[in-house]
Amino acid sequence: MTPHNLAALNTAPATDFVAALAGIYEHSPWIAEAVVAQRPFASLLALHDAMIGAVRGASADKQLALVKAHPDLAGKAARAGELTAASTSEQMSAGLDRLSDADYARFHRLNDAYKARFGFPFIVCVRRHTKDSILRAFERRLAHSADEELATALTEIFRIAALRLDQAVAADDKLKVAGRISTHVLDTHAGHPAKGVVVELWELSASGDSRFVARGITNSDGRTDAPLIGGRPVPIGVYELRFDVATYFADRGISLPDPPFLGIVPLRFSVAEPEGHYHVPLLVTPWSYSTYRGS
Amino acid sequence: MTPHNLAALNTAPATDFVAALAGIYEHSPWIAEAVVAQRPFASLLALHDAMIGAVRGASADKQLALVKAHPDLAGKAARAGELTAASTSEQMSAGLDRLSDADYARFHRLNDAYKARFGFPFIVCVRRHTKDSILRAFERRLAHSADEELATALTEIFRIAALRLDQAVAADDKLKVAGRISTHVLDTHAGHPAKGVVVELWELSASGDSRFVARGITNSDGRTDAPLIGGRPVPIGVYELRFDVATYFADRGISLPDPPFLGIVPLRFSVAEPEGHYHVPLLVTPWSYSTYRGS
Amino acid sequence: MTPHNLAALNTAPATDFVAALAGIYEHSPWIAEAVVAQRPFASLLALHDAMIGAVRGASADKQLALVKAHPDLAGKAARAGELTAASTSEQMSAGLDRLSDADYARFHRLNDAYKARFGFPFIVCVRRHTKDSILRAFERRLAHSADEELATALTEIFRIAALRLDQAVAADDKLKVAGRISTHVLDTHAGHPAKGVVVELWELSASGDSRFVARGITNSDGRTDAPLIGGRPVPIGVYELRFDVATYFADRGISLPDPPFLGIVPLRFSVAEPEGHYHVPLLVTPWSYSTYRGS
Amino acid sequence: MTPHNLAALNTAPATDFVAALAGIYEHSPWIAEAVVAQRPFASLLALHDAMIGAVRGASADKQLALVKAHPDLAGKAARAGELTAASTSEQMSAGLDRLSDADYARFHRLNDAYKARFGFPFIVCVRRHTKDSILRAFERRLAHSADEELATALTEIFRIAALRLDQAVAADDKLKVAGRISTHVLDTHAGHPAKGVVVELWELSASGDSRFVARGITNSDGRTDAPLIGGRPVPIGVYELRFDVATYFADRGISLPDPPFLGIVPLRFSVAEPEGHYHVPLLVTPWSYSTYRGS
């Protein structure tokens, strides 16, 4: 989908503006309608804030209706292919479209328990999550009070809206929705950046599975040309960077034991802030390494 | 089996001496017979060296017969339970008794290729190996010349004999057959050894499986009370030490993100010398860690 | 002076016991007299505790007299050579016998201010201090209340007594009066302990001077054969370990720039607990190093 | 002096061009004259290369005259204030204008020995050196053959010319004459860059003196706003970065011993390539630190 241009939206007929932004909030075009008269918006952030303001200024009934307009996570509607395109794509991002039957049943039970307790569906900004972190959030939030939980649901809806706006509308500014996982490799045996190191990023699940995310090769500055994850939220979860240092040092002609003391070096860390920058470097010799959360 | 005492063996009737040591070399009591007249032995090492001398001094035919007296690795005799007790236990140590059908077929093919090329079975001191390292040795040794390979087979037989002697005979000295994997954890956030860290040692296979080896908890000196592997050869292979640092820092009352940046820290390294000491420490804060091959 | 033996003291005539221990407390043989009837002492610690008990059980006047029996630090009596042998040796340990005129005048002023405020001389266990830490203690303690300061003076007197007892009496147990500075060097370029590294320990003063303390050469385990300081309190102060890593790596045949990136590596740290063990290792390549308070 | 503009020089009368560049080579305007007909120069580098070409293309006599046109280092002419302005400023940069009498005598002896051996003065691009590195170069080069030494002298003259050109002529390109010393501080206790750390750069001499070079304070990215040395060659020599980490951690409210284990952390390293980038970071907790040559 080609994004709309903010400048064009600022001057378009009101109906076009509403049509363009109707889907930013799930099944709730009234929010776009509520801000159309505030045009022109100086920035994407101004537009986003105005729409948030419209929700916060609406009646409690309308807010609740907005919350209830959202589908279940990994629910029957998702299985039946009845979600909005945006929701479908979001639920896929965390792998909710490829759950085992046991996981599907678990989500089903949690959805039912949540709705029985609060009277509305569990809402989370899925693009900021992995399956594991959704399940943990589910359990943590079941212990909330109803007021806390309504506030939490709105916060998540605003996060979903920010991501949808970011994709739907091009502007000079960017909403702060993207995080980053990056690395660099310093060869402290040679005293310079390590060039040509193959590095892979894997996502680990609580069940012990690992899922390949991205691969890169370090350049002469010891960095991959692009971050391993960038331009989008980094789902809350556990990750492993895996560096093939044995091949790197063998290519440098260093004499190594067979097998070398260090082969694939895994650096395992968790992401708690999807919009954070996780720079996780490797300082390495054939016999030692260190890492840290860098900047 | 209670070990024999070297002093007792030195003064026992010759037939008892030979009976006690008949199994040190597979189906070859003639080697014990060859050294009985050299008694008394001042040390276990002297006895071991004498038996090696008997083999090296024997005719080429006798040496070849010794080599041929060994069973196939993961062969039909093993499957049929027809090995000596020592061989059975040795092959179990590397998991050769629980191969998949595909692995069994692979060993079968390699055994056949090896025997076709050299005329005797492939011999390796299994207690110093994992399945992966045996398979790599198989392939590497198939490229040897016949002379090289006979020499290699004898070297492996002497290693097997040393381990059998070490178990069969108690003496004041010890043969150098044992390696070690150990660790210690230093909390560089607090500036003292980390006490109470749960650490596990896993063996990783080339196919991606991992096998639990041992678990320990660090004491007030930051060390486990015993090495994770000790008192025996460390099989050539890939290992991972896994430290539960998130629980440790949470127990210390440190405020951490959810999930914490560092949860389980894996240190992956390979062992190339089964008799080596692999001391692999962890220096750790909630945000950084380093490791090295220590001493 | 040959130390007395605790067992012999336990059975000696009372006058000999008192004569042997008369100097443990400055000009105060009454303390030895007070405990002679409690013999035999099972350990040096029991003797030490008994003498402390005698002081604590004495009248306030007697305690004050004990405090007043001590000489000024760097005072006129010291300059005139009128101190007890023990006091003379103690004051030399912190360099108080070689003060500049300015420092001497500063001590003089502080002594006068302290005596004017508290009515007794400033007492500190000099063997646990450097000149700088004495001066800081002086200033900090001038702000104390009289009660606090009398208690502090007694604590220091007990520390002095422990050190004098430790030197004067041999027994099966040792009083905990000794700290330690030690190091080891790990060559993480080669993956083994660094052998043959020359390391020096220097004491740094606030005025920028540095004083050589000890030199060692690392052995095949990467350690000096003896700690750089051991068997005595480590004076509170700032220290620098200086490792000649350029010579070490050049001797190993590593190609280095001219001058090498790392020549002499200084590790600077402070000692706050004279009875503590300060193990300060160096992990080093020609291009990187790290250190930590170890154990 | 306002630099000339390359574009203006390209179109100026030939005499003006020569006047502007007469001093790039010491007392040798013939070199500027030799390239005036090659105008216009597309870049500063093209101009520099053309002037080098003119020297290399000149007769051996002319080259020798160029070499001999240079003054002694720390020689009588310098003491008498008879040098060109460029030479005076250059010799000051390495402190040759504030030598002790002993050092002056040492330079005098070396100058005499050098001239006796080679027949021309010792030339070195002083801005790339400290006094110590000049003295070492002096001794090393005295062992050269005459041919080697003439080549070395010309190389140094070209380096001097590059630095003079860089200051005298503004253009779109820059000659590669500048190196850099920079740092950053990462607080691995807190997991983020250390803000507000005072860091000083000192130059150390072989005689034990140290000379203050620059001071900075780390910003929220853990870096100083500007490199400690930048925009000029980094003189070959020994440096120390000194970080006040005790104040930093105390300001963060961390409980520390008195005195803190780490107070001022010195990182000592040598510079061998004046045009290199020396990025020397500090990763630090109150109990540990590491450094490396970064990028």
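When the chains are written out, they are named A, B, C and D in that same order, and each has its own residue count from 1.
Just so we're on the same page, contacts are C-beta pairs under 8 Å (C-beta built on N, C-alpha and C of every residue); 3 or more make two chains touch, one makes a residue touch a chain.
Computed from a predicted structure; not experimentally measured.
Under the contact definition, subunit A and subunit D share the contacting chains B, C.
Chain pairs B-C and A-B differ in how many C-beta pairs they share in contact, with the greater number at A-B.
A repeat of the A-D interface exists among B-C, B-D or A-C. It is B-C, with more than half of its contact pairs matching by residue number. Subunit C has its Cα centroid 58 Å from the Cα centroid of subunit A.
With centres set at the average Cα position, the gap from subunit A to subunit B is 46 Å. For this pair, subunit B with subunit C, the centres built from the Cα atoms lie 49 Å apart.
The set of subunit D residues touching two or more other chains comprises 188, 191, 261, 283, 287-288, 290, 292-293. Interface of subunit B with subunit A (complex): residues 133, 236-238, 257-266, 268-273, 283, 287-293. Residue ranges on subunit A touching subunit C, taken from their complex, read 188-191, 261, 283, 285-288, 290. Within the complex formed with subunit D, the residues of subunit A that make contact are 186, 188, 191-193, 221-222, 283, 290, 292-295.
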